[in-house]
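Across the two complexes that follow, subunit A remains constant while its partner is subunit B and subsequently subunit C.
And now, the complex of A and B:
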């Protein structure tokens, strides 16, 4: 059996090991990766940076710990930008594990930017059934959330005085790992017509670019690469930028394996049935 | 890092390694971590629903605020539980009918607007021209039609139809390729985030 034939039958665990070892390299010797900012990410940054201090932005954190790796860096970058620009931020979550995500981010960043809950930001909390919740939010934030997540009536929060529904906020930024993006598109942008932007996982990205082109979205932050771009724009380098070195190494190894397996596949004349993964 | 954080992160690091051990083969450590996640998640979600929904939207309005109109949706919710009885399961159809009826009425127009009209408008809205936007429109129109022709089986894929459907499959593959690349990036991100977490934990453990 030749080397190439052996490669076609390689145990997948060797590939796992190779990727695992590869991503350890940047932990020993890190390096900077140049990050080019894409227009769809810049549009969100420009939108937030053009808002005046005291204006309201609505941030929906619809993900759980399984998507933290991709989405937390972009949420942190956006909230950093909003807090640094003295914007008022209204948080909500339609994901059952979202409250933990929001609490972690707001507690860290509020302390860093000297922001007070109820005055500079508010966390409405969690409700199930995204469509119903979004439509109710469009009527009045107090319909689905008479109290905030901590049990304080919205009317008693200084920040919420005179703030009724989406017509009082400048835009909605939805950061999600699931189909809540569709609910925000349909029942949010479609029904109430407010400016909507998405921060989404890499796997979802290619499904939402058509809404950017149609103007239903004003921006998209796709996966951890988009998060790194946003961090660069905001000037708060975080885990998104840090992950880029690891991503380069891991992708290099994956590309190497793809090239190697294709060379082996064609060099062995596609003669071994069951090799190469394709049905014949 | 405080002692409390060090212990908490130590448990998280141990559970991370338990899950990673599945890459070698199934084992008791993986099973333990997997079931722990499922159990904790279920318990957390149940309590979250109770306190943020039953307490807020049913108990508080009816018992404390005297908003008795909340009894109607609460009753519709309760009769859903008749699904567990063969004799009484038909009662739950009223709740389902109510839910589907309202859902359809509200959704149909906005679904059409979001997924059909706005997308059609964007596809054909910019006239074809020699400029970048015009050429972009041409590419989109040809790509959309070609991809649709690939799934059009009412006539044989020969001649012009054959060329279009062949072009359509290339367009679809480009879409899949973009999706695959972004998926790989997402999956690698999950691994990288855990590696960074473990690195920071080891540094905190060793460096104090």
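And now, the complex of A and C:
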């Protein structure tokens, strides 16, 4: 059996080993990767940077620890930009593990930027039933959240004085790993018409680019590459930039395997490669 | 009457909420707020039922030798998170509840999800093969889009316009067709439920 024939029947554990080694390399010797900023990411950055100090932005953190490696960097970059620009930030989560994620981010970044809870930012908390919660938020933030996450009535928070619903915020940035993006598009942007941007995982990207063309979204941050682009724009390099080395190595290995697979497929004359061919 | 009353309730509620959505007045907003309270109350009532069901099923499994360990871990984890999360202070960083979340739940979930990278690599090796014209189109498209979303210098930036076209023209056309199909299907099902034609949500008895 030739090498290429062996490649057609390669045990999947060799692929696992190659990927495992590939992601270990940057931990031993990391390197910088140049990142080019894409237009859809820049639009979100420009939108936030054009807001005046004291204006409100609504950030929805709809993901859990499974996707935090990909989405946390973009949330941190956006909140860094908002806090540095003295914007008022309203946080909410429609994910059951979201409260822990928001608490981690806000406690760290508020200390870094000397921001006070209730004056500079508010965390409304978590509610189930995304569609209903979004529609209720559009009526009045106090309908689904009469108290904030920490049990303080919204009316007693200085920052929420005179702030009723989405018409009082400049835009909504939804960072999600699930279908809550659809709810924000349909029941949020569709019904209340506020500017909406998404931060999503890489695999979700192709499902949401269509909404850029239709104008329902003004920007998208796709995956950890998008997060690295945003970090570069904001000037706070973080985990997104760090992860680029891992991305380059791991994806290069996957690309090499795909090329090798096709070379082997054609070189062996396609004869032993029905649908069952390939890694075992 | 056992079936007629629920069908009537669903029909009336559905019709009122349908009208409310398309009539933006103070009256409809008040009605909407009121319905929100109902949904929250129903949701809260459903939660103890779920918790009771989870506990009952796992307590029963404690008697099965092969499943005992996993059920014990689940019940212990459940009790630990509930008991440590009872007070308002437990929601802030530094509490035992948040430490369990940060140092136990996050690593567990992140580890499980990271295994996906290995499966994707293996699946890509087997699936992305130019077996036919359609498979070749899929292979080339996936290759271009993947290069766009990783920072590989000129390989990533050189094909920006091609990827933008893929995502905003054929991708959008296919997605819109699917979404419109789903939308029409959902509308038809909703109308059938409101009119009492579709009754499977009530189960069979």
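The rule is simple: the second predicted complex is superposed on the first by the 272 of 280 C-alpha atoms of A that agree within 3 Å, B and C clash if a C-alpha of one lies under 4 Å from a C-alpha of the other, contacts with A are read in each partner's own complex, and residues count from 1 in each chain.
Heads up, the rule we're going with is that a contact is a pair of C-beta atoms (placed from the backbone, for glycine too) under 8 Å apart; a residue touches a chain by one contact, two chains touch by 3 or more.
Bear in mind the structure is a predicted one, so any value in this text is a computation, not a measurement.
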Request  = Could you check whether subunit B and subunit C clash or fit when both are placed on subunit A?
outcome  = clash
Ask   = Now for A:213: first (subunit B), second (subunit C), both, or neither, which partner does it touch?
value = both
Message = If we overlay the two complexes on their shared chain A, which of subunit B and subunit C does A:19 touch? Say first, second, both or neither.
response = both
Partner chain(s) touched by A:99 [first = subunit B, second = subunit C, both, neither] = both
Message = Output check: A:68 vs subunit B and subunit C. Expected answer is one of first, second, both, neither. What do you get?
response = both
Request  = Pick one for A:90: touches subunit B only (first), subunit C only (second), both, or neither.
outcome  = neither
Query = In the superposed arrangement, does A:190 touch subunit B (first), subunit C (second), both or neither?
reply = first
Request  = Check the contacts made with subunit A and report whether subunit B or subunit C touches more of its residues.
outcome  = C
Task = Determine, under the contact definition given at the top, whether A:139 touches first (subunit B), second (subunit C), both, or neither.
result = second
Task = Considering only touches as defined above, state whether A:79 meets subunit B (first), subunit C (second), both or neither.
result = neither
Inquiry  = Contact-wise, after the overlay, does A:233 reach subunit B, subunit C, both or neither (first, second, both, neither)?
reply    = neither
Those residues of subunit A which subunit B touches in one complex and subunit C touches in the other = 16, 19-20, 23, 66, 68-69, 97, 99, 128, 135, 202, 205-207, 210, 213, 222-223, 225, 247, 250-251, 254
Query = How about subunit C: which of its residues touch subunit A in the complex?
reply = 29, 32-33, 36, 39-40, 43, 88, 91-93, 98, 101-102, 105-106, 108-110, 112-114, 117-118, 120-122, 124-126, 128-131, 139, 143, 145-146, 149-153, 156-157, 160, 167-168, 171-172, 175-176
Ask   = Which positions of subunit A touch subunit C when the two form their complex?
value = 10, 12, 15-16, 18-20, 23, 33-36, 38, 64-69, 97, 99-100, 103-104, 107, 128-129, 132, 135-136, 139-140, 143-144, 149-151, 202, 205-207, 209-210, 212-213, 222-223, 225, 228, 244, 247-248, 250-255, 257-258, 261-262, 265-266, 270, 273, 277-279
Note = Per the touch rule above, subunit A residues touching subunit B in the complex are 13, 16, 19-20, 23-24, 27, 66, 68-70, 96-97, 99, 125-128, 131, 135, 146-147, 185-187, 189-191, 201-203, 205-207, 210, 213-216, 222-225, 239, 242-243, 246-247, 250-251, 254
Remark   = So, in the complex, the side of subunit B touching subunit A is made of residues 23-24, 41, 44-45, 48-49, 52-53, 56, 103, 106-107, 110-111, 113-115, 118-119, 121-122, 140, 175, 178-179, 182-186, 188-196, 199
